[in-house]
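For reference, chains read A, B, C, D and E in written order, and residue numbers begin at 1 within each chain.
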Amino acid sequence: MNIVIRKCLLAAVLTVLAAFLTTGCATEHRFIKKTAFKDTNQIVIEFAGPVDEAWAKNPSHYSVYEKPDPDIKLKIQTITLSPDRKTVALTFADPLNQNQPHVLTATGITSEGKSLGTAILSVKKVYLGYLFSILIGAMIINNFVFTKYLGLCVFFGTSQKKSTAVGMGITFTIVIVVSAMMAWFLYQFVLRPYRLNFLQIVVFIGLVSLSVQAVDTILRKVNPMLFKAFGVYLVLVIANCIIIAVPLILADNEYNALESLMLALGAGLGFLIALFLMSSVRERLELARVPPTYRGLPIAFVVAGLFALAFLGFSGMSIF
Amino acid sequence: MLTVSVSPHIKSGESVEKIMWTVVVCLLPPLILSVFIFGVQTLIISAVSVASCVAAEAVSQKLLHRPITIKDGSAVITGLLMAYVIPPGVPCWIPILGAVMAIYVAKHLLGGIGFNIFNPALIGRAFLMATFPVAMTSAWLPPIRDAAVFKYMGSGIDAVSTATPLYVLKHYGIGALMEKFGSMSAIYSDFLVGWRPGCIGETSALLLLLGGLFLIYKRYITWHIPVSVIVSVAFFTWVFGGEKFFTGNPLLAILSGGVFLGAFFMATDYVTSPSQAPAKLIFGAGIGALTVLIRLKGGYPEGVCYAILLMNPLVPALEGWFRPKRFAPQKGA
Amino acid sequence: MNDLLLTFPKGGVHPPERKDLTEHSAVEPLPIPEEVEILLNQHFGAPCNPLVKKKDQVAEGDAVGEVDKGLGATIHASVTGSVKGVGLSAHPIAVKAPSILIQTDPSAEPREWQPSDWKGLSREELLRRIKNAGIVGIGGAGFPTHVKLSPPPDAKVDTLILNGAECEPYLTTDHRLMLEHAEKIVEGAKIILTVLGIKDCRIGIEANKLDAIEAMKTACGKASPNGFNVTVVPLKVKYPQGSEKQLIQSITGRRVPGFGLPFDVGVIVQNVGTTKAIHDAVVLQKPLYEKVVTVSGRGIARPANLMVRIGTRISDIASYLGGTLPGLAKVVLGGPMMGFAVSTLDIPVTKTTSGILFLTEDEIDARPYGQCIRCGWCLDACPMGLLPNEIGVYVEAGHAGDTSQFGVFECFECGCCAYACPAKRPLVQFIRLAKMKAKK
Amino acid sequence: MPATTKTNFQLVSNGILNENPIFRLALSMCPAVGISTTVMNGLMLGIAVLFVQVFSSCTIAAIKNYIHPRIRIPTYTLTIATWVTVIDLVLAAYVPAAYKEMGIFVKLIVAFAIITMRLETFACKNTVSASFWDGIGMGFGFMFGMVALGFVRELLGMGTLLGYDVLGFRPLLFFVLPAAGFFCVGIMMAVFNYVEIVYNRKKRAR
Amino acid sequence: MKQIIRITVGLTISCLIAALVMGSVFVITDKAKRHNEHVNVQQTMLGLLGYSTSHPAPPELKLYSIYRYIFTDGNVNTLGYVLPVLKGGGVGYQLMEMDLDGGFVAQHPLDLAPEDASESAERSAALRKAIKPPKTFSYADATIVAKLGEKRLAYLLPGEFPGFKTFIHVMLALDPSFEILGLEITEQEEDPGLGAEIKQDYFKNQFKGKSFKKIKELHVVKEPLPEEYKAYLESQKGKESPIPKAELDVIRSRYQDRDIYALTGATISSKAVTDGVKNMVAKFAYRINRLDKVISARNIPAVF
């Protein structure tokens, strides 16, 4: 059982790593290493080599605008160059709206007297960070169970024992990632282009059943031991509204593939965390002298309410 | 008539009542100080809070046909702690509602003392936060001594117009805070003594520290949780709290807000904290990390209370993971 | 000073010692009572079969009961007199148990036991003498000593530990024995070492008995080494220092595995009282029919250490010491931490009775217990690393059957948890219930 | 398989009381916690569920003889999904404000265990009219639960009922938060349990 | 085998029936949905302009939408405005391309019927026909110009900006001199009782009447809202008010140039709205001036 869990976790971690690695590869200009926001009103450009001070200190060589507003150039107040002449910090008159990607154009970059041409760069919040914030957001801050109140039937049904809860959580995470990715592809490449949005409910529920069936079959063939451990939960997964809610949210928010993956993973892991916490608490409640009218589900609801009160502490949190 | 019972026939002199009332005594100095800082209403609020908690305890136990144990002082502690984490400027009837939630729902519905998953006082506070968000996040009073300094930003019309140091820090930066207090050393000394806006019982780091040390000396609590909470708050603030990494101000972070109150008196609540040393350290470190997370990235300027609440449900799992090392475990078990 | 001494690493409590009531009173012999009731089931193992019938005349030291088969030890008449009958009498644990009632012959002279040299006797002869004397571990459950001294051949025993810790509050029998009979104890240790064929013996004594430590050290020094290595080890004052497994760990650092016995880690443990009895059995060939008992507590007029014949009723002892005082709430056979409370004074002393405590209300804590507040003090107190709080909660919730996961069977009921519990929860009682339920 | 012997009235009252989907069967609780903040929300979602339940029940009851047993569950799912889509589209078109309030929950009706359960245990064995009444009962049961929760939460949370200011002030804002949804459902369930216990005790006394 | 065929046929038939049902419902409801949405938006706009059921808008009031796109051709960005123009007596649409410095680039006719213009899909289709492939376009924003007869009455700007929790969607009404006529919060998910109070009259009406000059340096103050001002703010919307009109004017003039009073306990939300509005107005004023210049210079028959 333990090995099974460890294997699953390992697989999940590897998937996440792979996803992160592939995103980090995109480069924009060979001479510019990195651009990033700093403070509320700064953009920092890191060059691969030293740039000429005369070029760097001239504000007219830069133009910066928010992506949807190419006509409105942002006013650069001061420019500072680091002693090694590799880093330029542009300070703007007004605070930047860092939620928007900014487009930075650096014309005629000169380094040691040599002109290196013009670079157009997009400055945005670290994408990895953004992905990470989607993951953490779905997992903890906007936990689907405690702050979005979804998936409750299964949540209360399978949180009585810790082992059941963990099994359910893992199974659920796998299925939701599989079905959400399938749903995303179908939505992006079939439903949306052909304006069949109204079919999304039917399509998504069909996909969920399909992926449950697929996981069931594959598991049964590939790893019967794993199937024995988790097979019983597969039937329950389909009655969980999170699994249908995630594709719907993906469709509403127009996430890209990676973001969708993060959201689905976050939703699944968040459900796992919620189940784990709830089950460990309920195992203790089993022993408590709960008033008879509250025994069983009612007290579980009250405890979930207390959880939700505690999770209010996360309200308004934005990590990146 | 000779009594016949199972061994042991002698018991240690400690009792639940003794522990609880000692904690109550340790909690009193900050309350007395708060009367000097904010005025008599803090005393009234605390009294209402304690009275309503005790009443709620009695009524709940009566309703649920349990022996009435208001004399053991646990409801008094709940009442005091709940009063300590609400702003001094709230209407004094507010704690009554919190008491019902804290004592009846969070404690007695779950089986009474020993079975509550969450710290009742903090549940009461979270409930009040959700119910009276405006009062609970803005009814700060300036310290009486130099009230004028703390009227934050422009001309205050009524008294309720100051802001907690953490709020100022979060939204206006350290400069604004320096302006209020004069100098960095003035900030530290005022924070240590408690001469600053804040919740009723959280302002005086010094008195809380003394009370906590007394409890540690009496062996009612161990050093693990307080130290790990304070150290991790300091550490994470130092790492993430500044403009760059490793430039935060850890001293300011632990002196401001309710770190000492939370570390010594709330996180150490027997029922809602783990009992093994490694688990305690993890529990405390988790509280510290979540506190800093909420302070820096969250929607509230202060996060100790929510951090403790968020770590509380992890306690059963932590206790399962960290059990005492068995002297002679059965083979194969 | 106390912190530097050897001790076991985990758990334990430090109850008030209250040894001052009796620690300075020398052992005085109790006048022979008019009647003794010798229980046939005094200790660990099968009950004895009576060897005498009604109206038989018996002399001090005659065997009156024997075990047919299985574990057990012979019992002897403790007085000279006539058998009044074989009947039932009150028993500290099993409410009634069979016993032999002997009417004392007041005219009989006390029997004299002549010492003889034991050196040169074979191991078998030594064991036979020990067995015939009916010696059992008089500090604890009363495990027959000759069995204990014959470990299986594959066990590699290298150390003998004499248990002089006497960690229970009030009790001072071992303390007095060590003071008054130090040389006999060392001699007894040599006998045991000879039986076991080893050389090393350590005597563990808690540091609150400094005079006993001194006396024993002197005795060890006086005794000619003969290749034996007998040393005194002062131990930190902590309950349950005298528990076999804890004592072994304190002195040797070895850990007896779960459900194992001391010889699994190469150690044999004997109580100092037992050692003295072994000395008597081998040197004097005197059976075990009298023993030192501490009578203490604030509920008795004159606390004392008495040499008591086995079978003497507690009521006789109480009246000898001036009777009980008002405020008496509880009478405990054994120490206050692990002894048994009895409901009547008509109970005879057995071989394993090390103390009779007359406790008043202010000595015991009879306040009603409350719900567990999860303070975890019992976890800190438990020397076995168990979870008494969880076991208690499980038992109260009716889930006693699920408690074996907490290792409930490893508990030896030292009572530390219940002593430490601020909510006064009867944790030992819960654990006993759990053991009963979980077995099924 | 035996068709139900209950009268229509019994079918309806069964759904509202004995087998109330929220408080007794403890199914479809997400919306009960999530959007029972106002009576209006409860009413609208209740109506949506009522329609989906009734239509699906009738559909299945009508075509029960043509469904191959192997594809029973997929057929149910398809039927429910179809009707949910229909309701979703209609609500989005004609009551956009209320639809926006309910958010994702209308679409989530498709994952409600209660509807599938009624199809499986009732509609596929009974006549169209019995299924109709059973669907009405279940739908009203759900609606009753939602409205009751909405009533409590709206009154205590906002001081209003159906949007009209009743109390003139906001008593406890807490009740419009998700946490309160959990509490309200828990307490309502306890009330149902209590009534049952008292009822059984009385019955036994008789 | 026979069974499989039966199952397949059965499933196919039920899928077809389901698709038929859903498809027909979609077709039936889609129009109504769009209509209702349109009506909804219209009502918000009219509400901002001060019209209501008791005070209906005059028939000569016309609302024209301008849609702004960003065209990208390699590294060159241009702005594309989809403008309502006079076309054969009615209203048609024209695409006008401007460079980033406000210079005119090109002008294309658009095949877009006025009733389809509010549909983004229809507009995209029309744009795709009008511009050549290497050039791509992306939608930026929309502006609605309200015209009463020949006079520009107001600009209506829908917009969104990040709030305390999620994005806050607003509709802002400006008069031709960019004074704020009104602010409506159309969508928000702030905390109930705290940030969600931004939709209360006493907060959003504070923006009303702020001049363009004041908006540029609008701040949020963390001070309690004065009672009389609150009463004044809540007395808006043509309701009967206990305060006499003369006094209202006095109050208005007193607070006209004050900053925005923050909501108690929700400074972040208040600041988000204030900054968002500030930003919207500044950008819009900048753009509409340039657009007007080009339109008058090129003699484009714009209807607004």
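Here are some notes:
Criterion: a residue touches a chain if its C-beta (ideal position, glycine included) is under 8 Å from a C-beta of that chain, and two chains touch if they have at least 3 such contacts.
Note that the structure is predicted; figures quoted are calculated from it, not measured.
Here the chain-to-chain distance from chain C to chain D, counted in touching steps, is 2. Among the remaining chains, those touching chain D as well as chain E are A, B. Comparing each chain's Cα centroid with the centroid of every protein Cα atom identifies chain B as the most central. Each of A-D and B-C has its own count of C-beta contacts, and the greater count is at B-C. A centroid comparison over C-alpha atoms places C as the chain most distant from chain E. Ranked by distance of CA centroids from chain D, the top chain is C. Distance between chain centres (mean CA atoms), chain B to chain E: 47 Å. Mean C-alpha positions place chain A and chain B at a centre distance of 33 Å.
Put simply, the C-alpha centre of chain A and that of chain E have 30 angstrom between them. Between the CA-based centres of chain B and chain D the separation comes to 42 Å, rounded to the whole angstrom. Counting partner chains per residue, chain C shows two or more touched chains at residues 371, 393.
Each of the following residues of chain B touches two or more other chains: 105, 112, 115, 127, 130, 133, 299. Counting partner chains per residue, chain E has residues 18, 22, 26, 164-165, 191, 193, 268 touching two or more of them. Contact between chains, as defined at the top, is found for A-B, A-C, A-D, A-E, B-C, B-D, B-E, D-E. Within the complex formed with chain E, the chain A residues making contact are 68-72, 97, 99, 118, 120, 195, 198-199, 202, 315-316.
Note for the complex: chain E touches chain B at residues 164-165, 191, 193-194, 221-224, 226, 264-265, 267-268.
For chain B in complex with chain A, the touching residues are 64, 66, 105-106, 109-112, 115, 117-118, 123, 126-127, 129-130, 243, 290, 293-294, 297-300, 303, 305-307, 309-310, 312-314, 316-317, 320.
Considering their complex, residues 371, 393-394, 396-397, 399 of chain C touch chain A. By the touch criterion given at the top, residues 2-12, 14-16, 18-19, 69, 72, 74, 112-115, 270-271, 274-276, 323-331, 333 of chain B touch chain C in their complex.
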